Amino acid sequence: MTTGPMRTGVTPLLLVGGLAVAALAAFAASLAIGPSGFGLSGAGDAAGLIFWEIRVPRAVLGALVGAALGLSGAALQGYLRNPLAEPGLVGISGGAALGAVLAIHLGLSQAFALALPLGGLIGAAIAMLAVVALAGAHGGPVTLILAGLAVSGIATALTWLALNLSRNPFASVEIVFWLMGSLADRSLTQVWLAAPPILAGLAVLLFLGRALDALTLGEDAARSLGIDVARTRLALVAGTALAVGAATSVTGAIGFVGLLVPHVLRPIVGHRPSLLLPASALAGAIFLLVADIGLRLASPWTDLRIGVLTALIGAPFFVWLVLKTRAELAP
Amino acid sequence: MRIEARGLRVSLKGREVLRGLDLAAEPGRLTAIIGRNGAGKTTLIKVLAGLVAPRAGAALLDGADIGTWQREPLARALAYLPQERLVHWALTVRAVVALGRLPYRPFGAGESEADRAAIDAALAAMDAAHLADRPVPELSGGERARVLVARALAQEPRVLLADEPAAGLDPAHQLTLFHHLAALAAAGRTVVVALHDLSLAARFCHTIALVHEGRTLAAGAPPEVLSAEHLASAYGITARYQSIEGVPVVLPLDVLP
Amino acid sequence: MAAALGACSWLLAHGATAQADAKPARIVSLDLCADQLLIELVERGRIAAVTHLAADPEVSAIWEKGKGIPITRGNAEDVLRYKPDLILAGPFGVAQTVSLLRRLQANVVVVPLASDLEGVRTAVRIVATAVGEKARGEAMIDAFDRRLASIAVAAQASAPSAVVYQVGGAVSVAGNLADVVLAAAGFRNKAAEYRLTRGGQVPLELLAASPPDLIVLTSMADEYRTVVGDNLRHPVLGRLRQQRASIDVPWRLWQCGTPHIAAAIARLAEARAGIEAQRR
């Protein structure tokens, strides 16, 4: 990436540095704020227990999942050259949720704890491949969204089917978890399960910057600049499956983060895909942490799931984006 | 570096596009590839760039089959300028031209002095230095075309393959571009250009290859290739090849029945 | 279809006169709580069908007795094929079916939800009257009252606190049967002291910050191994259960307001005795 200042006068270092600081601040705030507001309740032992076993897992997962969603959204948009792409809309989160549900209800995660993130991973990978197959590498924005809807619809229906078949009396509560996401009452167990694959996925995706920059000029020009597009595609699938698959398996499907964050940051990073990647990871973490803090503070008055909140913010934004794209496409 | 095609056979979507095509482009020369729409010019350029693998025959770069070249050295040696002027994101002009330096920058490296120099030189050559901070979507078609050529120039390639680089440019910029391409060739590079404008080809190119029905119908100096006979076979037109003030001009007259 | 028409016409002919006859002999129940009362008040031969929940060990206190009885899915057409002369329904969820059945002149008795001890007695009486077993109903209530009396709880200001903690963080909100059961066993329901969410859930953090003297769980079965039960497997809850008293009272004992809640009250009273012994 070029190191000179961008139009806004902000250098890449300053931007990423600033976002990193903000992310740490959000993380600290998440540790410090609970259902009764600022600070830790309970005395001595209880306070320690609450901090390490409740607050820390929630903050860590909020940061990791937010980063995974933001980064995978930026990577998908960069590769597909399509500003409407993001793991929720494109059906990847839905596939991951289905994979996780199957891992649980087929008893696999009882036998082998890692089966849970693995299920999410496989589900995400299959969904991704299905979408790419349906929309094609050269599909326009509309084709992509349609393919995403199809995959998402199938994944949701199969998830419902799986829950129904398992005679689970809480099937309807459970599907709300999978479809709307939740960071509540997560424990360190989930952190140990999900953090390694998420971090691995983040690393793989962050290395795509150079390739995504070259792809700005189209696939042929990128190849002639020395980019292995097939390997880029593979890395994208692997990275997204790891990051989004594992994240969804412990928090359910949270949508719109991967759509909003890259889009807001894009003008600030001078539209460069490579710089957008680390920026989106950090901003995604900030966004999810702040949203979760907001939910916790509002908890006596509302029962909102985190996915509902991101949808309330993200869906109108998506509508605006669709209208804007349509206007640009229209003759 | 010499780039050549030997007996290329390429099929696309079931249709045979190149049927045993031979071509040679020497360093120090500006070589034109001409032919009617659908003759296979773009496919030929892509095979020479190593982007499409032929079914039979070979494309050779500096004597070696292009399929055997490693990706990185190939990217440093050869620059390809596609016909579609795609720039998907609203980068600044400078950022687009800087993409041409990717083959020289391993992962994570910032811009070096050499990179900056190459970028500035490329911008200057294409008369785009004053556009450096403008976002690409704000440019006119012609400005955009020049910026993309600058990207290819920034790659500092030994071989430049350009697919219709002058399409849509105004006359002044067409002439400037071709002057620059000719200068590049004179400096020892191999420049291969696919184009439609027969006059430009006649004026600037040392060698012209006329592609017809997947083969090279004629190759050589402009007057030989642009004969009435060849033009009639390849394009189905009658034309006048003439010199005006020392500059060769090809004027299409009429479509043959 | 023909069968349904036949059943309807039969009902219209006989429905109105059914009440004049002696005890109903083909009873259908559409509600789990009514199922349980019905099965204990009436001999098998008079029960035409009950819900599938009656034999479910998760939610039915008398699930063993419920096995082998024909099952109805609860929609009107299915109910009518049993040609019932009495239909017992619960207060929620079947309003459409009930109104349809009433329009067809069926004899439908709605058994109200019992949300306190008196409500339990009322429910028993209503079912007993409807099925013509008033005496057995009174006997059931007497047994219930005796059992309650034997638990002998005096209201104390220093009653220990307890909270029923369920899937998803749901707790025993005031006014529910669980709240009544806790009080009857001599506990103070601590749920009222927490800042609950709108859905009546307490965040685990608040529970851990100020835990009750007794944590009451409701026997998580295998199906709850899914994410909805994550809060019940949380290490913090495990630690709380080590530090405080905790007890597992199967949900089937207090899902419905039947006299079986006395068993739940008895177990809780034992736990309270244990806590008070420890205090001394």
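Each chain carries a letter (A, B and C) given by its place in the written order, and its residues are counted from 1.
We adopt the following convention: contacts are C-beta pairs under 8 Å (C-beta built on N, C-alpha and C of every residue); 3 or more make two chains touch, one makes a residue touch a chain.
Owing to the predicted nature of the structure, the values given are computational and were not obtained by experimental measurement.
Any chain bridging chain A and chain B, meaning touching each of them, is missing here; the list is empty. Chain A has the C-alpha centroid lying closest to the overall centroid of all protein C-alpha atoms shown. Separation between the centroids of chain A and chain C, computed from CA atoms only, is 42 Å.
Separating the centre of chain B from that of chain C, both taken as means of CA atoms, is a distance of 82 Å. Counting partners per residue, chain A has no residue that reaches two or more other chains. On the chain A side of its complex with chain B, the touching residues are 1-4, 6-7, 81, 207, 210, 213-218, 220-221, 223-228, 266, 270-273. Those residues of chain A whose C-beta lies close enough to touch chain C in the complex are 34-36, 40-42, 46-47, 49-50, 53-55, 104-105, 110, 166-170, 173-174, 177-178, 184-189, 252, 296, 299-303. Considering their complex, residues 58-59, 167-169, 195-199, 201, 203-206, 208-211, 223-228, 230-231, 233-236, 239 of chain C touch chain A. Interface residues of chain B, counted against chain A in their complex, comprise 46, 49-51, 71-72, 74-76, 78-82, 84, 86-92, 94-96, 98-100, 102-103, 107, 110-111, 133, 135, 148, 151, 155.
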